[in-house]
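Down below are the structures I want you to see.
Both complexes below contain chain A, partnered by chain B and then by chain C.
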Partner chain A sequence: MSGLRSFLARRLLLGALQTVAVVLLVFALTEALPGDAAVALAGDQPDPARIAAIRETMHLDRPTHERLADWATGLLHGDLGTSLTSGRPVGQYIADGFGPTLLLATLTVALLVPIGFGLGVLAARHEGRLADRLISSATLAVYAVPEFALGVLLVTVLALQLGWLPPTAVGYGTDLLGHPAALVLPVLVLLSRPVCSLSRLVRAGMIDALASPYVAQARRYGISGTRIRYAHALPNALAPAAQQLARTIDWLLCGVIVVEALYVIPGLGTVLLNAVAERDVPVVQGLAVVFGVLTVVLNLGADLVAHGLAPRAGAAA
Partner chain B sequence: MTKPWTARFALGISVVAVPLVLALLGPLLVGEPGARTASFTVGDGHWLGTDFVGRDVWQQVLHGGRPVVLTALAATTLSYLVALPVGLVGALTHRRWLEELLMRPLDVLLAVPSLLLILLAATVLSPGPVGLALLVALVNVPDAARLVRAAATEAAARPAVEALRMQGETWWSMAVGYVGRSMLRTLAADAGTRLTGVLYLVATAAFLGVGVAPDAADWAVMVDRNRTGLSVQPWAVAVPALLIVALTMGTNLLFDAALANNRRSDRGRGRGTKLPDATRTAHNPAGSEARP
Partner chain C sequence: MHDERLPGLRRRGFLTATGAASLGTLALTGCGGSGSEGPDAKGDGTPKRGGRLRAAFAGGGASETLDPHLANLFADAARAKALYDKLADYGADLSAQPRLAEKWEANKTLDRWQVTLRKATFHDGEPVTAADVLYSYRRIADPQQAFRAKASLEPIDLDASRATGQRSIEFVLKRPTAEFPNVLAAFGAYIVPENASDFDKKPIGSGPFRFVAFTPGRSAVFRRYDDYWEGAPHLDELEFVVANEESARVNALLGGQVEYAHELDPTTARAHEGKGQVEIVRLRNSAMQAFCMKTDRAPFDDKRVREAFFLIADRKELIDGALSGAGVIGNDLFGRGYEYYADGLPQRAQDLDRARSLLKQAGAENLKVTLDTSAVAAGFTEAASIFRDQAKKAGITIDVKMGSKDSYWADILDNGTLCCYRSGAMPIEAHIAQRLLTGSTTNATKWQHKDFDALYEQAQSTRDKTERAAVYERMQRRLYAEGGFLIWGFADWIIGTAGTVKGVEAKAPANTLDWARFDKVWLT
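After this line comes the complex of A and B, so read on.
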């Protein structure tokens, strides 16, 4: 069991290092501003009062290491700083946008897992035949398409030409659950890329596993095909797929930003894009830390699950 | 050269042909820009109508493919220009600290979602097209360097390298002459995947307004800016969106078909099939999407 323990220790250490690095990277953002950060951030309204206010809010008159220490301690206490444009705490921005994004992500993951695994197992069972060729070609094609292009075409056809669904979520605010029709297109678009990659991965893993000696041996024992598929082959096919699920989180995050912009959903992605447009650095930093740490933690979790499912695969930490 | 392969190859070529020809030759075919008219009109001498500031949509479409394709190609090339030396040195050096110094920071960078990194940089730097290419290249470097290192480590462990070393070959001729050459196939496979991913990132960033002027002639920008008139003038959005879909889909289908062909000829010769698999499994969990 020492192998497992050292793997755990190494993987946890890497996770901790990545978290620290994310925090440092995000902090370095203000240092990357050319010239006087306060003047650069004031941008279009360079009046002295605003510059002074920015300098005050971001404590720019203090040395870098003190600001880093302050910011990091604030993060540990859940204090993410204050917005430059509105003076509201960043935590409040995140709390406002959290609901819609969480709803979108939960719905997407809840649908992604059964659809992705289902399609993958289906294709692997019919390897080389029509069903497999159709699924493989379709997933390969859709997987490369940017969400915004797919989304806007779906809106044009399904919402504007056929009138089946509302084109955007404008006017529904954060009460999206009350208007399920407005959620169909965003979730569909969010699913498009992850479903493709996941099902391709499950298919490849299942084909490998079904061709392995232990499956042949199980067949010789006369174990039923269903039991071999789901009790013996699938867990081994799951290990690479579990890691892909974490990669999918990265995509979901990119996807959420695009989809929220496209369908005008007031979630974290919209908050981030607005902050980027207004160069509201503290809000961008706060969101980046939340997103970054979330990605690190989910990747860590997926690696541990993958390791538990198939220790032989030896996830490289 | 069996039938399904040629069919898929042909499909890929025919899907990618229209957007690629438009992107590369479009700017040469376009005439003088006409006077601006009312925005979001249909017909009236404009084949695809007018856009949000009253420009001819067809002319914008002819202009708008080149930035997407060129930025993506530049970013892919740039990421390899950095990743190749880093990965090769990381794999072939005997100094452990140098390897750690080169590769560990990349592990850390892999943890940050790519679009987030681009948006972060865009907040403070307001990049132009060149800046966007650099950013997209940067977020691709960690993954590409890891792949190069994995492929090079495998090639460097072969007996042939030991033989070369005993013959007193220089480090350079071993690294470039033998190891570099044996990695070409893996790199070609990866380049296809990477170009698809880069096209995705470049188009998505442009759609979100990173690295482009707000009224730029760029398919992704056209989709974004003309969305307001979607119900009156859908062509200004649908045509560039379809072209982007065809471009990304076709690129992916084409490279996959070419790789399937590669794999098949590999199997025919009975060697080399192991390399891509070995590099994939040596891949980081957060590495690029596996291509089964």
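After this line comes the complex of A and C, so read on.
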């Protein structure tokens, strides 16, 4: 197990470095954007004296490296800083946005795993036959539809024409769970592409595994088809799918901007979008830290799962 | 303002107007055109009491505040107007109408104004007093802060101004200011109770609605204030919800999730107008649309080139192409339909031959110009490409340059030579004060002429209104002949309401008194 422990330690250290790099990069990029928080706040009233005054009240007149150092010092004490625009703690921005994001991500993943794997296995079992061809062409077709287009289409048909579902979650911000019907459309849109990519990946993995020498050997031993499929072939097919799933969860947690905007769900994507437009650097940096940590942890988790499922794959990680 | 480029990521709009320069005041509005004659004339029937109206606006995300002095977006202004009052506000023609101020009177030299407050109470039952007014104005003018209305209040000498009674104030001004009531109506100049400083927990105002709940970037719930000085609102409750995406606001309206959707696209309006599902309300003359030429640098330092550009524009084509027809053409003057607007000048039309000959006289044939634009406001990028094609017919090569929408207004203030521009409604006097005087803070056309400044001062020192109007006309004639603003149109501001909503005033461009007046609205 010491091999695994040093692997873990190396990955965690690497992850911390990656997060630092992400934060520095995001800081540099935000600074490089034209205009700053004062200019953004002044908007169409860019009176230079007022911009200078806003800059002063926001302490933007201090050198860049000092602001970064201050923020980093705070971070070491667990303080993500305060928003330039509102003066409220960044932690509160993230906490407020995280609820809706987590809810959407959980629901999506809870449906994605059984559907994605189920379709993949089903298609692999019937390789080349009707079920496979139906699943494969449907998943390819859905995958090709951009989220925004699919979202608009679903709203138009299911919400506005048929009236089955509410078109948006507007006004439910604080109590999304109390209005489950409002979550159906966003979850459908979020599911659409990951289901396709995941099921195609599982299908390919299963077909590979089912054609492998060890499955042929197992068949020669007379092991039942079901047991071969689920106990022997599937775990090997899952290893690449686990990585894909981790990327999907990462995407879901790091703010799904289009879906949030379309359905008025005030999650992390909305927070990020507003913060960038307002040049609210502390909020952007706080989000970069959170997103960086999430990505590192999820990838590490996926590697560990893949390692457990198919030890050969772990060696490469 | 909206972002036309990314349908998925449209952001909230800044108020297109604002007060900045010495006498600025802002407000977006205008009107002028058609519209109803008031609820009754529209056949809305007798107002009915009760109900909860949900209104969707583009908002400011988690940074939103209910501090009325920090109001920056339309959503902020609508919420502020529900909770608070100003001493005055703009009528449909952008003239100041008394609100908390019952009356105002100037001394002979127009530099001391006696303002009397009406009998009104804050939501906690305390009367609105002169002390509250002075506290509010001093808070706005605090040099340590950067409140938007600060520049508008600049004419007032707040140290010398004082309460002369519980409900009367003497404002001492730094110079004669005939249009002082515009200052009282300035955008963001709301009256808060003395010593109020925390506006997000339990804000107290004197407006028609009282505070119930607020979650920044999501929703604000207000309830009727029964003792409102102008009479209690019809609605029991008012909820503002935030939906930044235009399609989300429309969908929420169509799906019955909100009864009022602010700021819709012209294409949406056309798709739903007259279909009976929702009502489309067009607030005419809400947003001036222009190209702004910098008059202090080549090629626009030659007034013949500026005139040639006036003659290149096919205004109808710009309205149809950039605004999907939702607007009226402009005549290179700000404020169509507003008080003091010089409507006697002939409407300019495209005249390419004359434009070419003017360019030739100026030695500017085969001119090449860069036109700055950005997705910062509806129709900007479309207007730029349409104008590029129109200019080509006069032998001018225009290179359209896209800029960042978050810093656009600051970028174009001093840089470049030609750019897309727009403005919300404000009094013509405020437009001049903010943008066309030597000392103006946002003088994007670099129009700096001592004689023009003198005319402005003359107007502000003229007590008689007819004489004053004559001075404004002289200024406008000059701008019409050789100014830096090529004002090609005035866009409608478009609102969608459910069929059950009555009493929505159409003769009230965005951000005037009757815009977003939820106390006058009722549900059937």
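As a working rule, the second predicted complex is superposed on the first by the 250 of 317 C-alpha atoms of A that agree within 3 Å, B and C clash if a C-alpha of one lies under 4 Å from a C-alpha of the other, contacts with A are read in each partner's own complex, and residues count from 1 in each chain.
By our rule, a contact is a pair of C-beta atoms (placed from the backbone, for glycine too) under 8 Å apart; a residue touches a chain by one contact, two chains touch by 3 or more.
Note that this is a predicted model, so its numbers are computed, not measured.
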Who does A:93 touch here: chain B (first), chain C (second), both, or neither? second
Touching A:83 in the superposition: chain B (first), chain C (second), both, neither? second
Between chain B (first) and chain C (second), which does A:166 come into contact with in this model arrangement: first, second, both, or neither? second
Name the contact category of A:113: first (chain B only), second (chain C only), both, or neither. neither
Kindly classify A:150 by the partners it touches after superposition: chain B alone (first), chain C alone (second), both, or neither? first
Check the residue A:184 against both partner chains and state whether it touches chain B (first), chain C (second), both, or neither. neither
Determine, under the contact definition given at the top, whether A:292 touches first (chain B), second (chain C), both, or neither. first
Identify the partner contact of A:264: answer first if only chain B is touched, second if only chain C is, both if each is, neither if none is. second
Chain B versus chain C as contact partner of A:53, first or second or both or neither: second
Would you mind listing the overlap between the chain B footprint and the chain C footprint on chain A? 33, 40, 148, 152, 155, 160, 167, 257-258, 261-262, 273, 275, 277, 279
Okay, in this complex, where on chain A does chain B touch? 14, 17-18, 21-22, 25-26, 29-30, 32-33, 40, 133, 137, 140-150, 152-153, 155-156, 160, 167, 197, 200-201, 203-205, 240, 243-244, 246-247, 250, 253-254, 257-258, 261-262, 272-273, 275-277, 279, 281, 284, 288, 291-292, 295-296, 299, 302-303, 306, 313, 315-316
What residues on chain A touch chain C, complex-wise? 33-35, 39-51, 53-54, 57, 83, 85-86, 88, 92-93, 96-97, 148, 152, 155, 159-160, 163, 166-168, 170-171, 173-174, 257-258, 261-264, 266, 270-271, 273-275, 277-280
Residues of chain C touching chain A in the complex: 1, 7-11, 14-21, 54, 56, 60-65, 72, 144-146, 148, 150-151, 215-219, 239, 241-245, 247-249, 251-252, 254-255, 257-258, 403-404, 406-407, 409-411, 413, 422-423, 441-442
Could you list, by residue number, the parts of chain B that touch chain A in their complex? 4, 8, 107-109, 111-116, 119-125, 196, 199-200, 203-204, 207-209, 220, 223-224, 227, 230-231, 234, 237-238, 241-242, 244-245, 248-249, 251-253, 256, 281-287, 289-292
